[in-house]
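Pasting a structure here, questions to come.
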Amino acid sequence: MAAKKIPPATKAQDDTRDFGLGSKITQQTRTRFLNRDGSFNVERTGYSFLRSLSPYHALLSMSWAKFHSMIVLSYFLVNVIFGFAYMLCGPEALQGSGATTLAGRFLDSFFFSIQTLATIGYGKMSPSGFAANIIVAFEALTGLFGFALATGLLFTRFSRPNAKIQFSEKSVVAPYRDITGFMFRIVNERQNQLIEVAATVTFSRMESHNGKQTRRFYPLMLERQKVTFFPLHWTIVHPIDEQSPLFGVTQRELEDSDAEFSILLTAIDEIFSQTVHSRSSYKYDEVVIGAKFRDMFVPSESGITRVDLRRLSEIELV
Amino acid sequence: MAAKKIPPATKAQDDTRDFGLGSKITQQTRTRFLNRDGSFNVERTGYSFLRSLSPYHALLSMSWAKFHSMIVLSYFLVNVIFGFAYMLCGPEALQGSGATTLAGRFLDSFFFSIQTLATIGYGKMSPSGFAANIIVAFEALTGLFGFALATGLLFTRFSRPNAKIQFSEKSVVAPYRDITGFMFRIVNERQNQLIEVAATVTFSRMESHNGKQTRRFYPLMLERQKVTFFPLHWTIVHPIDEQSPLFGVTQRELEDSDAEFSILLTAIDEIFSQTVHSRSSYKYDEVVIGAKFRDMFVPSESGITRVDLRRLSEIELV
Amino acid sequence: MAAKKIPPATKAQDDTRDFGLGSKITQQTRTRFLNRDGSFNVERTGYSFLRSLSPYHALLSMSWAKFHSMIVLSYFLVNVIFGFAYMLCGPEALQGSGATTLAGRFLDSFFFSIQTLATIGYGKMSPSGFAANIIVAFEALTGLFGFALATGLLFTRFSRPNAKIQFSEKSVVAPYRDITGFMFRIVNERQNQLIEVAATVTFSRMESHNGKQTRRFYPLMLERQKVTFFPLHWTIVHPIDEQSPLFGVTQRELEDSDAEFSILLTAIDEIFSQTVHSRSSYKYDEVVIGAKFRDMFVPSESGITRVDLRRLSEIELV
Amino acid sequence: MAAKKIPPATKAQDDTRDFGLGSKITQQTRTRFLNRDGSFNVERTGYSFLRSLSPYHALLSMSWAKFHSMIVLSYFLVNVIFGFAYMLCGPEALQGSGATTLAGRFLDSFFFSIQTLATIGYGKMSPSGFAANIIVAFEALTGLFGFALATGLLFTRFSRPNAKIQFSEKSVVAPYRDITGFMFRIVNERQNQLIEVAATVTFSRMESHNGKQTRRFYPLMLERQKVTFFPLHWTIVHPIDEQSPLFGVTQRELEDSDAEFSILLTAIDEIFSQTVHSRSSYKYDEVVIGAKFRDMFVPSESGITRVDLRRLSEIELV
């Protein structure tokens, strides 16, 4: 173990083979690693479903339709179960129920359960005897805690900071000062203000090292990494200078090396005073070399600065 | 594409043409860009109202009067709808209702709906039959979730960290050590403590470059960018030295170049342990050259340091 | 306005005349500026009570006794008001109330109001007629929103991250390596873990400049500004080297210059994942020169590291 | 007090004798300081149980079984107490109760209490007289606040960001570039995304200084301290170069010096937008010198990058 010329730890950090992943990827693949919607295109196996399950995350991430169906179904199910429980206590257990058939008795029990779970308690029907009263005690507790969970989830879903940053459909390599630059544009889709918006862009491609194909990752220097305010749009620019891994690159080379640009945006949502994140990516066929973005400003009679958000993705060849 | 003298990325960052906006603004306008209340004076068009709508933000930002009206109106409306639904179930559906006229039946249904939605359930009137009972089941769910959303919003509105930092009406260019400084003053209007208060001040003006008018933005160096404690007031000072874009500037030049000073303050609200933000601006006619702020300290018998907040904006010529 | 030798902005920041306050304090006073419990010893006048009031902060900061009394009182008051409202609707408005005297009718209305506000609705008494039913509608809304606010406040009070960091009663100037150091000790009073605990210590004293007494503030360099873990205690040390404003200082000089040490601690509460703050101060008579802290470690049979928190303030002369 | 050669404060910070603890530990012990589950192996005595109690933290940290039992028990107890209170008001106080025996009267009072606490209020039994009605008023308040606390706790427990980062069972000293490196591996057990994951690793061992055994702590330089994304696994590497305290160390020396590696991980949970923490440690017998981790990537037909989480701890000798 000769220790004369050791690669220093600081230098090792620049040599980002792993895209901030900590995992070296040598497998050749044409699929994108990071999807445009920000999700990762990877598979994790080996842990059981239950082990990797995070129920809270799952309940927050599912669609509203699914969430609502789940709520209604659970509500229905719980009342069916308690309805049966009351029925099992015998016909005397529910005072005020005039039902005589089995179906009638179940319906009355079911409706009584609803009135109890929701703590309405009209009282036309009321529990009688020890068993029915104890079930009422547990149903009341179940109701209060169940609704607390459900309404808590509902409100969290509704109020969770979810920045909607929109990325231009394509990125371009456009003239930038005396050189060129890799550029894409973003806007805040929503009305709420985002501040201190910061961007990290990583470029990755397959490279041949000693005859072995390895995916390499390069963090790209940006014209500015952060903007303080974000009321309009932001064109994120990587100047392609001599140090850039994109220096002199052609569309063909991008394709051949299976190039991918990954983007992480962080911002502070002013209403929530919370940091929000947004991810996206451009694959080689979403980069247009020799094009530039059209101006988004439109004239306004009032003299107020005005942008047309529909122009976000509009590019023109140069 | 000669790559001999490339503007380095780091230098490009100092050359802030875009005010932390990412957007170059070339349009000449006399309107202010950032309003005194911190909102932006820009227009965004192109997206439909619904698309850019963020319902949660809207519900948090609207006035209390509007919020309360909305709640009361929704409450009324929901009960009218469910009232009609009970009425449609026929006169037998509501046991205990003695109403015979249509109006009377609707009123009884409406009041029964209220007693159900709010889960009171006096029981003088109670649902009878399948249809009415099913409606009760849905109304109970509607009530529990509707009230959860409404009360959640109410509490969030009430408890949201909203720093009330007040800015002096005018800013001044006053003597500062051996030179002068651009200054304004802030106080915390509220009793709660703000700590680690930081300021960013940007100066912008129209400039003529190659016969083209462009708005340029300059970050201003501050005497101190951050104060640890903020129990009194803070005079934020930009020393006007030779490097300052304000060096030797006159009131006339400020006006002619449509000058504007934009301010972003961040602070930590100690009670919430959350970061809060405050924005404001001074337009050229809100800068007084050759004036200084009056002392805010007032004598106190007890020997305790005492400030008079009313003096925040008091200036005197020098 | 000669601009040859301008004090640079960066240097100006070191010259902390203002203790991170932004306000220059020239008034001589023997009162401490920062109290031991972390509150500031300053007075702010000029704004009306209402203007500087922050209701949420006030409701979070008041004592539990006061908070509970306020809740009970409001509950009582609201029911008295609604009770009167029901009474005003006439004797027919409350079905089931058998009361005939005025007092009896008020009591029944009052109890009915409670059953309505809390959405119990036994139904022995029930509203009759338009007026009483409309009042019920409003009382139900009032109840749901009032309880939402009250219980929201209750839970926020209960669950607010409130680090209880305890400071040693006295600070000392003790031997430290080959020199001496200004030291004080802290422990986490609670069982929950604090991590990334950081300290800022400022020393202030009156100084005579050109015959004028001014209070000057000096940030003190610390042996370490931050600890990653805080399971035991932390002795915060300012090494008194030649650069230190405390170099060679005597107890007498501390007193004559009205010396005060102000401390800001920030930490992350692991359970809340939130930053918490703690402030305190040592006045000149709370500094013991030539003493050191006693060891807090006590022997344990199990071999586990063990500290005795009662020894936090124990010092011995050297 | 000669002040010629003073150890500068900055240098003192590198000389981390205290592991970010602020406490010097000289006691020799074979027990680990930081447990694998992240808890500290220390004892704090001297403060009463109550003083160091943080009820909210305790209620959040206890097991679900304990929490549920506590809720059910409190619910039962509160109803027993109020049940007795109603009984004490006399047999007339509960209208509608037909019970004549003492046990029967208690059961009716108990069930009535449940119907009141949960604000169901069937009304078959209803309070009569001043005393019973006043108790109802207090029970309603108790119920609303008690359930608010309990459901608030339930939801907080359910929704608290709790990253489940899993550490490889053993750490290894494996070949790394031209030298070797101390390595361990982590994966995110859950489906939710963690971003900006940062690691701090501290190595500690007993050392003999002037014949005295003292525990010394060394922060270890890492190949990379932070990864931006964490969709797969991360192998954290400390390169063992000449500067490393691990340079040339043998398994025997690790054991003799009672070596321990302590790890603090911080990350941002994307769903919560909150920082989460995770701690663990490796004791000398959990380090395998001359082994390396097996590849976690497994082939996938779809070409998508796929890892097998079960391989996290798999090592092979080199």
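In order of appearance the chains are A, B, C and D, and numbering begins at 1 in each one.
Definition applied: a residue touches a chain if its C-beta (ideal position, glycine included) is under 8 Å from a C-beta of that chain, and two chains touch if they have at least 3 such contacts.
Just so it is clear, the model here is predicted, and its values are computed rather than measured.
Participant: Which chains sit in contact with both members of the pair chain B and chain C?
Facilitator: A, D
Participant: Comparing the two chain pairs, does B-D have more C-beta contacts than C-D, or is it the other way round?
Facilitator: C-D
Participant: Shared numbers divided by all numbers used: is that above or below half for chain A and chain D, i.e. same or different?
Facilitator: different
Participant: How many angstrom lie between the centres of chain B and chain D, each centre taken as the mean Cα position?
Facilitator: The answer is 36 Å.
Participant: Can you check how far apart chain C and chain D are, centre to centre, with Cα atoms defining each centre and the answer in Å?
Facilitator: About 26 Å, centre to centre.
Participant: Can you tell me which residues of chain C touch two or more of the remaining chains?
Facilitator: Each of 119-123, 152 in chain C touches at least two other chains.
Participant: So in the complex, the part of chain A that touches chain C is made up of which residues?
Facilitator: Within the complex, chain A contacts chain C at residues 119-123.
Participant: Under the stated contact criterion, what part of chain A meets chain B in this complex?
Facilitator: It comes out as residues 71-72, 75, 79, 107, 111, 114-115, 117-124, 147, 150-152, 154-155, 158-159, 164, 177-180, 187, 189-193, 195, 221-236, 239, 241-242, 247-248, 268, 270-271, 273, 296-298, 300, 302-311.
Participant: Tell me, which parts of chain B touch chain A in their complex?
Facilitator: The touching residues are 1-3, 5-9, 12-13, 16, 18-23, 25, 27, 29-31, 33-34, 40-47, 51-58, 60-61, 95, 116, 119-123, 126-127, 130, 133, 136-137, 140-141, 143-145, 148-149, 152, 156, 160-161, 200, 202, 264, 274-277.
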